[in-house]
């Protein structure tokens, strides 16, 4: 385990009581001041792995194997009580839907004060002042007045800013963002992503970003982990992975987006088929059935994890043979 | 998960199984009544005020006039369950019709019928039932009618709420766009989706119908020609000191049947409502 | 004789009840010739979904008129119902809400085919043919919507809409709720069907790139109004309105 890692996941396996794995052997690490993006579509297990780190797994899902460490502390068997020390205080979390993450019947200021006083020994007055400061730091105009507004009086973008303020209220070391811009308009997305970047630099935060959008990844992330059906297909520095993807799945994802470079008369590159339901046994590479470059052994044997470049990893038979897919 | 797993889900729910079991026991009692006691519950079978267990031929004892308690219990089961089921059925019919019309059409139809529903609901239900039964003279039919009268507004509101929600659903818009007749949209597309909440609450409605019928019979407003559990409780009231079993036994029967129906409703709720919501 | 426009809307105005007359659509005019695709872009709240519903006749405009293939879209008398259905159909955004959860897939398609399919042909055979046409196995007909994935449900919704063989297909964010790998499949499918059936299309999305790919002309909406309407290539290379420029500038860079 690397000593400087803020958050480290080792061979994480999550699944149901009968042994069906929903997240199957995921490993990555995040250093302070870095942004790691976990990218995947439905069924990839990306959100579930984030929930496991926060201690928020649904009742039916449990750890089947592996471990995770945050600031050196093992997370897997942490009690609820110990988790409460971390949630909000050392790890802040923001979700996709700002309207349902904020209490609609409480004023913004009251919600911020509640988070502050829950974790920090502040008086009501001090907490209120701190709340105003926080709103200002996320660029909400006229924070002194906004503090007594209700969530419905603010736009989606502003509510997300409030969410970010709440997540950062107690100066956490790690920020976990689950699809933070998916529900926002494109013009607002850019602003929110920039805000995240600024906060990260100012506070030397580690940021774990869960998303399905490769465009978002390219804008804010340093490293990316590409997941499919509960397993890691490829990971590495964003610039390298997105410009020269090694794994056929990553390539397919990149090509499937209607980019400005594609002529309108051409067909979009499809990835045929759809995500298979999770099964009890692991049979080879989960992407094999949909992969245009699949080799005979792909469906039978688990692909090895290889290094196409010093900081990159890919789980693929094709890549292991040195052939370009 | 397909529709075929519904029976499996129901059977795996303990509340459903216990509720159904109890209810079946009640039904068996009701069926056994005329067969075991063809002479009916009103005939004198033994010495008055015999305690349960004192006489082997009278397992639950007799009342102040010497009538067999067990005979009364079994015959009473028929009456109570029948009235409960019939009243609920009528309430469902009226309620579904009103709810469908108001939920789908809205506008003045909604306003008119909802004011009518409000009017009925403003009067305390049990009092309204008493008044109706008094006016029309107590009989099984009038009691069924009175209970149905106080129960249909709840059904109407449930159905109306579901229809109002479904009216905005995309699949209903798609049916309108394809040129489907409104009648077909209502009955084939929307109604099957509006039913699940009613299935659950109808079980509860039968339970409260039984309670209301018992209350009416207790007050002496039951059909004088039949005996129900409520009648037995009412008759035993004056002899409570001497023989509390006169009240407790039929009271237990009422309680168990209400419990059975509530458990049944809970079990149905668990099985139905987690599945197919759009 | 020239064929009537697939969609002709003049100066539409619409306010939702209970909003104190605030116009969700404020003077929108659109024209789509047969076989053409018009893209409609804008952010949330701009009124594009309202325009979609006005175009289908699901909502009646407070002012202005919508004509699809010459028919007034908001008139839903018994005589008008079927001809209107053949003039315009819609594919909705949410694949989970656009199918009846309690009816089998085949039965839902059969409803449309019963009303509009050729006389005498077996319903079951037609259902099978349309399922294959949208890339699904005929066996899907016996399943319920909750047994299908989002992409599969959207294919069924598309089959239901195009089985009527409408002259205009309104697509309201048809791929926004789908995974990226599935989006490409559905967009390709829509283009194929459009080409083979000669459908005109009103394609609505918040995603400029998707609209650019699907439409020959694009209308940009903001606050209930169309701020710019131009051929796709011209809009992309030389946008005129500041809002259009802002939208283009906010796009993440091409990868």
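Per-chain numbering from 1; labels A, B and C assigned in written order.
Here is the rule we use: contacts are C-beta pairs under 8 Å (C-beta built on N, C-alpha and C of every residue); 3 or more make two chains touch, one makes a residue touch a chain.
Here the structure is a predicted model, which is why all the values come from computation and not from measurement.
**Student:** Which one of the chains is farthest from chain B, going by Cα centres?
**Tutor:** So the farthest one, by centre of C-alpha atoms, is A.
**Student:** Would you indicate which pair of chains has the most C-beta pairs in contact?
**Tutor:** Pair with the most C-beta pairs in contact: A-C.
**Student:** Indicate the whole-number Å distance between the mean C-alpha point of chain A and the mean C-alpha point of chain C.
**Tutor:** 33
**Student:** So, what's the distance in Å between the C-alpha centres of chain B and chain A?
**Tutor:** Each chain reduced to its C-alpha mean, chain A and chain B end up 52 Å apart.
**Student:** Can you compute the centre-to-centre distance for chain B and chain C, using the mean CA position of each chain? Integer Å is fine.
**Tutor:** 48
**Student:** Give the residues of chain C that touch two or more other chains, as numbers and ranges in rising order.
**Tutor:** Expected reply: no residues.
**Student:** Help me check something: in the complex, which residues belonging to chain B touch chain C?
**Tutor:** Per the stated touch rule, the residues are 1-3, 169-171, 173-181, 188-189, 192-193, 275-278.
**Student:** So in the complex, which bits of chain C are touching chain A?
**Tutor:** By the definition above, chain C touches chain A via 43-44, 149-152, 179-185, 187-188, 191, 206-210, 212-213, 232, 236, 246-247, 250-255.
**Student:** Using the touch definition up top, name the residues of chain C that touch chain B in the complex.
**Tutor:** Going through chain C, the ones touching chain B are 56-58, 76, 81-82, 84-85, 88-90, 92, 94, 96-103, 108, 111-112, 115-116, 144, 146-147, 157, 160-161, 164.
**Student:** Taking the touch rule as given, give the residues of chain A at its contact with chain C in the complex, in rising order.
**Tutor:** The contact residues of chain A facing chain C are 41-42, 156, 185-187, 189-190, 212-216, 218-219, 242-243, 252-254, 256-262, 264, 267-272, 274-275.
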